[in-house]
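Note that chain A is present in both complexes that follow, paired respectively with chain B and with chain C.
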Partner chain A sequence: MPAPDAISTPSPEPPRRSPQPGLSRYRRPYLLAAAVLIVLAATNVALEPNFLTFGVAASNLSAFLPLTLAAIGQTYVVLASDIDLSNGAIVSLVNVTAVTIIDGMHGSIGLGLAAGLGVGLAAGAVNGMFVAYLRYQAIVTTFATGVAFSGLALWVLPQAGGQVPASFYTSYAGSYLFVPTVAWILIAASAFAALIARLRFYHSLRAVGGNMQAAFQTGVAVARVRLAAYVISGFFAALSGLALVGETASGDPLIGGGFTLSSITAVVLGGTALSGGVGSVLGSVLGAFILGLISNVIFFAQAPFAWQGLIQGAIILLALSGGVVIARRSGD
Partner chain B sequence: MLARAKVLLARPLVVASIAILALLAVGEVLSPGFASPRQIVTQLVIAALLGVVAAGQNLVILGGREGIDLSVGSIVSLSAFLAGNLMQQNDANMPLAVVAVLACSFLIGLASGIGVTMLRIPPLVMTLGMLGVVNGALVLLTRGVPSGRAAPLLSQIVSRPVLFDLPGIVFIWIAIGGALALLLRRTTFGINIYAIGANEAAAALAGVPVPRTRALTFALSGLFSGVTGILLLGYTGNVFVGAGDQYMLPSIIAVVIGGTSLAGGNGGYTGTMAGAVFLVELQSILTTLNIPAFGRQIVFGVTLLALMLFYGRQRRLKS
Partner chain C sequence: MPSLVARGIRKRYGGVVALDGAELTLERGEVHALIGSNGCGKSTLCKIITGAVGADAGELILDGRAVSFAGPADAVAAGIDMFYQELSLIPAMTVAENIYLGREPLTRLGLVDRAALRAQAAAAIAEFGEALGLGVDPDAAVSDLSADQRQIIEILKVLARQARIIIFDEATAALDRHQVGILFEHLTRLRSDGRSIIFISHRIDEVFAIADRVTVMRNGGNVMTRRIAEVTRDEVVTAMVGDTQLTRSEAHHRPRPEPALRVEGLDAGKLAGVSMTLRRGEIVGLGGLHGQGQSDFLRALYGVVPIRSGTIEIGGKAFDPKGPLAAMRQSLAYVSGERTRFGIMAIRPIFENLVLTLLVRDRHVVVARRRLEATISPIIARLALKFSSLAAPASDLSGGNQQKVVIARMLAARPTILLLDDPTKGIDLGAKADLYGIMDDLCAQDVSILLYSTDDKELLSVCDRIVVLNGGRIVAELAGDERTELALYRAAYASGTDASA
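On to the complex of A and B.
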């Protein structure tokens, strides 16, 4: 349908959730994001020739990793046509919990990591219980739980601070078998996501996101699937909060504040539809990298500092809207 | 009797009103003077600021198709900044400043509306992108340093008591409430908003100009954010960077507490006004109680969840 036509005739909206979009959109919603990422990376190389050296690549990856992990988690919730606005608050809560325990227990790193993961899983479960079982609206619920989680983070650690043993952050910033630790974390997270994608749960998740009523009628345990999506989101938010411990070597109760909207942006940039059912974790990883590289490119292009925010906002708006429009063109 | 009470309790406006009165009572018990007229007036002023933002949010949400406007907070900040710099404490500059700011905020909202209708970008995505652009523009204009001050006339209009010790801003809010009630119930445009929100396909077949109506709700949301920016400037006198951020998500919550369905097509502005008062009162009660910041946030979140138990839940899936 030509674009002007869509405006002049009020065409009835095609049923969004029981469609026959082209296979390209179903199978490879991340292709566009990959193309954008390649263009950005090429620009980055042109502006900063040592972009591809081991050290710079590792430090970029290390800077992008926390948001990438949070975006992976957000993807599962969005695939079920829900949303997680508490995502950034969980990142903060896990971050301060882990640091406080590691600091207070004289370097008991294992306990701190375990507690952080436990907190993330529990927070996700709380969201999931409200949305899936009590049938609360996802936006309102996760906003409210997010405020409460932020409060808990401030209770655990009122001000940024705390310390973790040097062994923690040196091994986070270091390498293992010639591969940076941060790359191992990303590989492990991707392997985990690939594993989930092979489970029947993942098909159920996309069915729930595509058409909840139909999924229910064909015997999918809708509530359990939505709960699981929130728990997975909490798990990845926890990984993100722990990665931030390695990155900053301290705790900050406000550190995840910007992650909520950024993770949603990354998910959409990666080609996942907010209406649910269509998308991929790979796309979200690419989306998070795109966000990181946009900042890089603007910085190395030496844009005047005052203009950087506006340029960044405009590029992201273009990428977001362009992605949606092109995905639909190739899909319908 | 019980059945009647049940019917009443199913109405969000009733629930919100009861919740407001309950909060006042609890506040008065815990901290005598909380429900004093002076305190209530202060709360109404703060609620008016949130309530005017929520007016635009309400229209967008009523229009359906997952309508939501995340850019409202950034437009409030931008408008307050622009208004302050165009006025520069001079009454003579005020009319021009008000017109320029309202036009600017209307156009920003319209741009979102065009993206949502012509390019069919989901509202959350479109307004999330717009939020980044407006915040970026604000950094460019302010260079990170707040500037601009309200014209004395504006401060007087907003803050000086007019009637019953109530300052002007409260009457402006009530006037907006009345205007919106008329708009939604008595004008074709208002009825069209409900029509496209309830069933877009049916509305289109009935001849409702769907894209124009929806785009206009976004433009009006921008406009109301602009109004709030000006009122905020008048209330605080000068502007701090990011002053509007605090309105983004609470404006959505006020609409939901007021009983407008996030699915669109159902609800109204009277409930939203009650929702705004409730949110402000809840925050104020937690501040008065001298609870540390973390406790305030936890209680705030938990109270919202408890209130949501009464309504706004999804239907049970049926086979």
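On to the complex of A and C.
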């Protein structure tokens, strides 16, 4: 056998690809959602000219806030390529727990809020333990825990009711330093999300969602990261449930029922991939606003009640199709 | 004291023994090459060292102390790192984020220091300079990079961890000569720093260019460890082959002169300009290292892998494989050794698994169960398929019997050309012998067979001719008395055009 001295290559050099615009989809997955939101807002203004006045904007924000918070939490779970089908139930459970404690303890608001947050964190931890450590399937596990959390909510407060002190809901609906309280809550939540985005955890989270095997081989603590995502989701679901206390001034064990799929829809509308690894909290906020504005537009356009569901679904599909087209263009 | 000692390592995957008492001693400041044929266990041994896979038995001694790793994170903490052949990059993340994943530089507040992250990545990239090619900067997404660029990013990721022991598993596979040279400069520097490197490569020239010592593995154990200065290339290849190097193919079917299949300049998947002829009643083997385009060849003929250019003729007529159904109608049949992925519907009854091709090809609307049973029962008998009931799920069968089901399904459609893609992977000897018997029968009936196998002995024992692929091209053809294990190894392991000599 001839023994060549130099190192030779068996394969021809692969063709080099020039940098492609595909990255913008990874870095700014929310751009499309922002465009859709602008179109919807313009439609809203056309239908209802005082849409941009302080009072109307604040009341819109107040109406959108609970779903927005739930969608922020859902984003972290989806980024890890998991899913949380229980966050609507957590919203309900936190809502009735807080109201029951505040009502039963003669207006102990602090205790009620703390208990609500604790319940949300615990519920998220339960999901995370099953999915991340016991390796249950995320979709069926969180469906099952969601059923259980809903059952607990009905046990805590079988029927909508309860009362919270007027000071609670007036300050929720009021303003502080000329900015509505609900806006402060959204600002705080955004700041929290921005902080998380600067942590090592956030890099690990996207790595786990982007390629779990590779993240594991790199030494990322995969199970801990997935658990943390569920705990964060539980935390934001709790904030959502507490915001609903401020919004409705009472408890309702069924109030979060629609939030699960709405929050997932908001996340997807915001450009986060259900397969994980790509997405942003900002996108989910925009996605939740899109869902809220769609309801607004239908309401102000005075569509016949019987048609509202059909129109709403069609607009959501239209908004989603933009993302599908962009994904095809960039070749995957 | 050696840096790392692995002793008596054993590992089974199901019924397959991957490692059977493997040993390795790694000194401080050496580049230690690990070499052996496909499936000899070298990758498994390395994954056990890095904690990615758990061993069934044996011990690891790191700096004189016995250690056991629950996962890669433990091994990384102990200073052991690995370049993964299949890469461990996150496509949707940037180059900088990938290189420093899990060890991002932090500010005093504990947040990721993005500026430092970018600057460090830029410095790391600069070490490869223009060899990296266009479009690689710290903010580029890994998904936008070419195969060689990704491989270099994986190398940079491993180097950035500054581990004391680094395993490079096929780290040069996609690199050109210049890029390999830069990697070797890094390895030389690491060695003089007192770090230890395990270097796995199929390119023997590279092993001789960089390694201090070489360990040859075969069948899950190690057969030789020598200083590179005291060993020749031929001794290394002979050690890989083992004592059976004198086995010579006895296969002699009587192919008819007319071609069943002619392929001209085929470009598909990893294939680059493959031309060959398969005669009627002939078995041609596809040899070479794993993943040199053999599977792509078979899958392109079957219409699964898209064809970029080239022509195919079957029985003298042009054939364009648009998809598996078109291929089946041209009397082609394809059997993959990846039964669980491409073959068996594990939870469905054996019967359904057997008649699938008939149902698809003949577009049955109503399933005439009794007629189908009559069609397949002689095939079942000939294949000596063992089962309790045709209604039992296919998952009840052993691997060998599952493979027979997949083959029976294909034979039911009476193919004239059979494409076998590593069909005996992980099946027992008895089932293998049955399969070889059937292949001989089919040849006697003028059926032609293209066989890819990762088992070189199998290629030698059943094929009339063997074409050896390397980098998507045919680099050698062995026929008649040339069909020896040594010749096959030389052709497979030599680089590029040197193989045909």
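In the analysis below, the second predicted complex is superposed on the first by the 306 of 332 C-alpha atoms of A that agree within 3 Å, B and C clash if a C-alpha of one lies under 4 Å from a C-alpha of the other, contacts with A are read in each partner's own complex, and residues count from 1 in each chain.
The rule is short, and it goes like this: a contact is a pair of C-beta atoms (placed from the backbone, for glycine too) under 8 Å apart; a residue touches a chain by one contact, two chains touch by 3 or more.
No experiment lies behind these values; they were computed from the predicted model shown.
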item: Touched partner set for A:148, first chain B, second chain C, both or neither; value: first
item: Partner chain in contact with A:217 - chain B first, chain C second, else both or neither; value: both
item: First (chain B), second (chain C), both or neither touched by A:206; value: second
item: Contacts of A:198 with chain B and chain C, given as first, second, both or neither; value: second
item: Touched partner set for A:265, first chain B, second chain C, both or neither; value: first
item: Chain A residues touched by each partner, larger count belonging to chain B or chain C; value: B
item: Partner chain in contact with A:320 - chain B first, chain C second, else both or neither; value: first
item: First (chain B), second (chain C), both or neither touched by A:278; value: second
item: Residues of chain A that lie at the interface with chain B and also at the interface with chain C; value: 3, 6-7, 10-13, 213, 216-217
item: Parts of chain A lying in touch with chain C, wherever the complex brings them together; value: 1-20, 22-23, 26, 195, 198-200, 202-204, 206-207, 210-211, 213-221, 277-278, 332
item: Interface residues, chain B side, partner chain A - complex; value: 65-66, 68, 70, 115, 117-122, 124-126, 128-140, 143-144, 200-201, 203-205, 207-211, 249, 252-253, 256, 262, 293-302, 304-305, 308-309, 312-319
item: Residues on chain A engaged by chain B in the complex (per definition of touch); value: 3, 6-7, 10-13, 85, 130, 134-137, 139-141, 143-155, 158, 212-213, 216-217, 222, 261, 264-265, 268, 273-275, 306-314, 316-317, 320-321, 324-325, 328
item: Residue ranges of chain C in contact with chain A within the complex; value: 50, 52, 71-73, 75-77, 82, 84, 87-94, 97, 101-102, 104, 106, 110-112, 114, 133-135, 139-141, 143-149, 157, 174-177, 180-181, 203, 205-206, 209, 233-234, 237, 272, 470-472, 490, 494-496, 498, 501
